[in-house]
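Next, two complexes with chain A in common: one pairs it with chain B, the other with chain C.
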Partner chain A sequence: MLDRTADNVARATPEPLAKKIRGISDKGLAWLFISPTILLLLAINIFPLFWAIYLSFTNYRANRPNEVVKNLGLANYQRILGDQDIWIAMQTTAHFVFWTILLQTVIGFTLAWLIDRKFRGHAFWTTVILVPMMLSPAVVGNFWRFLYEPQIGLFSYVVSFVTGIPPTNVQMLSNVELAPWSIIIVDTWMWTPYVMLICLAGLRSIPEYIYEAAEVDRASNWRQFWSITLPMALPFIMLAVLFRGIENFKMFDMVNLLTGGGPGSTTEVASITLKRQAFESWRTGYSSAFAIILFVAVFGLANIYVKALNKVKQR
Partner chain B sequence: MSLTTAHSVVAPSSNAKLIAGTIIIAYALISIVPLLWIFATSFKTPPDSIAYPPKIVFQPSIEGYCNLFTTRTRQTPEYINSLGPATGFCDETVRKRNMVIAGPSNFLPRFVNSLIIAFGSTFCAVFLGTLSAYGFSRFKVPLADDLLFFILSTRFMPPIAVAIPIYLMYRELGLSDTALGMILLYTAVNVSLAVWLLKGFIDEIPREYEEAAMIDGYTRLQAFWRTVLPQATTGIAATAIFCLIFAWNEYAFAALLTSGTAQTAPPFIPTIIGEGGQDWPAVAAGTTIFLVPILVFTILLRKQLLRGITFGAVRK
Partner chain C sequence: MKSTLKLALGLASAIFASTAVSNVAHAEDLTLCWAAWDPANALVELSKDFTKQTGIGMKFEFVPWTNYADRFLNELNSHGKLCDLIIGDSQWIGGAAENGHYVKLNDFFDKEHISMDDFVPATVVGYSEWPKNTPNYWALPAMGDVVGWTYRKDWFSKPELQKEFKEKYGWELGPPKTYDQLMQIAEFFQKRQIDGKTVYGASIYTERGSEGITMGVTNVLYDYGFDYQNPKKAYEMQGFVNSADAAKGLEFYKKLYDCCTPPGSSNVYMGESADAFKSGQVALHMNFAFTWPGLYKDEKVGGDKIGFFANPAGPKGHFAQLGGQGISVVSYSDKQESALKYIKWFANKDVQAKWWALGGYSCLNAVVNDPKFPSSQPYASTFLESMAIVKDFWAEPSYATLLQAMQKRVHDYVVADKGTAQEALDSLVKDWTQTFQDDGKM
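Up next, the complex of A and B:
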């Protein structure tokens, strides 16, 4: 499998073309190599983005393509920023992002630290732990609906078995209080290995001689952890938080299949609101404006964060 | 503490190892229970799958797989008795539930769509990515850092935000619900990963090899072809698998931009329903078939995993 894929790629540059551009300058070759990618991204990412920016100033509706499009100026943006439901969706997203990142970082780092004790068989068990994060969040998220079913679902059964709550009362997906936690549990189950893997790289990057020196200075284990392990692994932890933060801010597939934003709108994260506005209410202009706001928010926050990350790295 | 012990002073004690090992193994076992449950459910009969308490020991059956690949209609016992003998196990199982097989389900075509779109987009993304990565790695490209950041920044957009204008654009171009449209879209999403990962891999190949080849009379292109590509094989293969996994698992674009002919497996599997709700053994069977290729790839990839999931930011 591995070799065949690479062969395909290698065969893809046709020989006649190669002969024709023999002796082409490096500069020409550089552009020849890079421009197809740039053109594709311009066509599939940038052009649509500008289109979305244009639409965000209009009242366009995708399900009524023949209607006259009116220019609304900034009205869509004003309406979004004053819309109570949008702010509730942003709070739901913040709640989801905060708890998933906190849980994944704490559990992921702990697991990485334990694996770094290098017990026998640690490589095998690490691979086992990594499996959930490679799977499709949509397909696996969909199956969690079954695990969460009251009574017949394995998760609900185990919870009622352990806590003694009657099995019909463990309603993870339809209870307003529990539904936000049901998506946090699945996301944490799925993505803790991701944080763990990055933290493990961080722990392994710490040179052994630093610990040896600390040992000579008779620093306690506790002290070593707080003064060496944690600060030196911090850039890696921050990187993991960055990647997870961006991904979970955009979270759509798992939540859409697990709760669809419900019950009511208790798990309606920003992407679900966006989908409801754009593809169910068909308020294309309005939802484009919301999409632009989300994009600017992710981009801005990520930029500020990367600056902080670089500062930590330089220390 | 003496420094003359046989072992490194910082090596964890055997007690620490034992505790760490126990916790990790416990976590690993608990975290794969949902996956084992998917696998087990795929071999349960529908009544077994919704039994209370959940059944751990059960009589295995391939009814879930039968239901996954077929559509069935309910018939009267008289009609079923009037039919000839059952042809094959699935036919027999279905008749026991007073049903007859009406035809194949959509699962197989959806699965084939997934294969075509995932492999097609992976091939395009890796092809474009290899060229660009070589360009950025070896040539002085004006504004290289800005271009690379631009390529990466396309990943910051929420998929739904991208889907709105893409939906309109594809409608104009007649690309809605076509495999070509999905391949183009996934290629665009994956090419950012491919460029970043492959640039890292190609950066690690010493320039001296190509320079030696060019001194021997090769052109730049021949040198790229004969010295760089063979050495980048591992990196290209790893990148290809990452692109493949993304395209295989993708749901948001597929759910919004395809509905029939080009629909892939992820939006299809949740819609598998039987009589009176979701047919969980059939869903589990579809999920199992869908997940197995990824399990194989994960094991193949485990050494490159870290690099892939961080866009090459962490290389170990």
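Up next, the complex of A and C:
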């Protein structure tokens, strides 16, 4: 019945159109459908990348369009790699990435483990925990700035209440020692739920019968956790670490809103330095070289990490 | 049927004609770009007269100070047509002139008999000339501005505080004439209880992101002997930027920040500084003069409670950081003729007098040298006194790079406690040397 209908349609199709349709292979049709996406990708991702690579070898400045663009060879790269301030910014970034990932993973996994106990009201608490990650970083940055305010901020008053230090002495954003931690606290508050969600998916994917078998073997809760829960959830934890690592390596919004890189350059992470060089000092060639270095660093580290992740999955 | 058709055609023609007329009118509208602040509101009010006189409508694009430079320099660099007129910052003049963003106004001034001799000399050099001190004009001085101070007159006049201050420091509590006096006043008020509230000494500029701390610290540096370059040899900075005297000035600013500012003052610029004063937190308040009319009108801290004084003198000089801007015609605008009409109108003496009355700071000699001017507003004489001692930051095409370097070095030392004042200024010389070498000027 279906064959006959298809035959009828084929016979009714005008010959020139039928020829045209017959002329496109399956592969051709597939290319036809994905070509708009590929063109868009080329225009907004690939072309700018190659353009930035080209600019990184020049002295181009976007605010001086009439100036002759000179080829500098590797001079921009040499200057960046020999610039002490750039290395300080990279250290600040590494410090920030390390602590946020550590805290988010530990707290996120603990929360996921607790939520997985399926206690009464766990669905409600899951929703409550997820609220911070649903907010815009601009909103989060602004209201935490108020919370950290030494004279009127709630955070300062809570710290004062607990420690007895006068609230005006709790200067989270202007104290050199505390400012990096103020950003780590906010980022942890906002993104721990994200890590929790991924860990929860990992915990829920562990088959129940493995625990039942362990119970039969009289394995203690502690033993079950170390021998079943953690190893089986590890690929998920590693995935969460990868996502957060990449995101935090290029963290900009929260730092910009909370401290703007200050006090001094205490919280000036690599992305803030990059923005200053590119859009305040207008050293476009130099900042393109810095962006390429950052890109290669993230890309290289992520690749090594993904290989490690695959090994863990294969075990 | 015929008459209905005629009526419909007539109506359609009328609608078409009215739309066309209104489109023509809109096509003549000028867009003026500036920062979003109190004087901008005064300019909107003032410009209504221009529209009345010429029939040319005015639209305004005001951007908050924190994004002002980013937004409009992007616009100029991309040869955008958004702004027909722009009131650009004084430091932009070099880049805007060399990159062809502004229309050169010399011929226009000659034709319209607008003389730069009619304007306050410091504002002509600061806002209009590039290269500096040459008769090449790219803007008409529009908004005079300078860093100065306000103080709480009501607190200063409390007898018990006057007595205590005199006993402690040996001189009458009043507006300071020197930096040592300013420090003593700030120390005296720091964490003092006044009317049941803890108050602090001074609010000063410390902002890191744009230009804040530079606009603050330079007031002190100039007075302690800092200079941008050897007056006899351009771009020679060693020993001028980082002289021992300049380092002492930087140390003073840090001492003032450490001892006498309210908690959490690590990122303060115009808005935050004015807020600290308005909320009754500080005895002394550093800010550009444009904030004074608003503060004077403020119910809580204005009127009899506020006083004004010019930047104090230092051991090596008496200067104040220039602010303010000139108005320029954007070279990418399609409406340059109308934009020039606006400049001609704005240069008029009566318009300038009204500009001052509305809260703008006129730079026209005829307005500021009027015998009635010093008594026209409580802050007028302080403004005049301050404008007589101005000095400005680099106005080179690379000003943004030079500014960022200074922001970083000074903030690192003053707020983040990194290194010494001498090291900060030595690093600054290195940064600036690198910038000028990149520009081929050294």
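Of note:
In this section, the second predicted complex is superposed on the first by the 290 of 315 C-alpha atoms of A that agree within 3 Å, B and C clash if a C-alpha of one lies under 4 Å from a C-alpha of the other, contacts with A are read in each partner's own complex, and residues count from 1 in each chain.
Everything that follows uses one rule, which is that contacts are C-beta pairs under 8 Å (C-beta built on N, C-alpha and C of every residue); 3 or more make two chains touch, one makes a residue touch a chain.
None of the values given here were measured: they were computed from a predicted structure.
Of the two partner chains placed by the overlay, only chain B lies in contact with A:T37; chain C stays clear of it.
Ranked by how many residues of chain A each touches, chain B and chain C are led by B. By the touch criterion stated above, A:A62 is placed in contact with chain B and with chain C alike.
Legend: residue contacts after superposition of the two complexes on their common chain; A:Q151 is shown touching both chain B and chain C. Within the superposed three-chain model, A:H122 lies in touch with chain B and out of touch with chain C [touch as defined at top]. Of the two partner chains, chain B is the only one touched by A:L29; chain C is not. In the superposed pair of complexes, A:H95 makes contact with neither chain B nor chain C.
Legend: residue contacts after superposition of the two complexes on their common chain; A:F279 is shown touching both chain B and chain C. Counting contacts as defined above, chain A residues 62, 151, 279 meet chain B in one complex and chain C in the other.
For chain B in complex with chain A, the residues that touch the partner chain are 1, 3, 8-10, 12, 16-18, 20-21, 23-25, 27-28, 31-35, 37-38, 41, 49-54, 122-123, 126-132, 134-136, 138-141, 147, 150-151, 153-169, 171, 184-185, 187-188, 191-192, 195, 219-222, 225, 229, 233, 236-237, 240-241, 245, 248-252, 255-256, 265-267, 269-270, 278, 280, 283-284, 287, 290-291, 294-295, 297-300, 302, 305-306, 309-310, 313-314, 316. Note for the complex: chain A touches chain B at residues 1-3, 5-6, 8-10, 12-13, 18, 21-24, 26-27, 29-34, 36-38, 40-41, 43-49, 51-52, 55, 62, 111, 114-115, 117-122, 125-140, 142-147, 151-154, 157, 167, 189, 193-194, 197-198, 201, 204, 208, 211-212, 215-216, 218, 236, 239, 243, 246, 249-250, 252-253, 256-257, 270-271, 274-275, 278-279, 284, 287-288, 291-292, 294-295, 298-299, 302. In the complex of the two chains, the chain A residues touching chain C come out as 59, 62-66, 85, 149-151, 168-169, 171, 173-174, 176, 259-266, 276, 279-283.
Chain C meets chain A in the complex at residues 70, 73-74, 77, 79, 95, 98-100, 198, 208-209, 262-267, 397, 400-401, 403-404, 408, 411-413, 415-418, 438.
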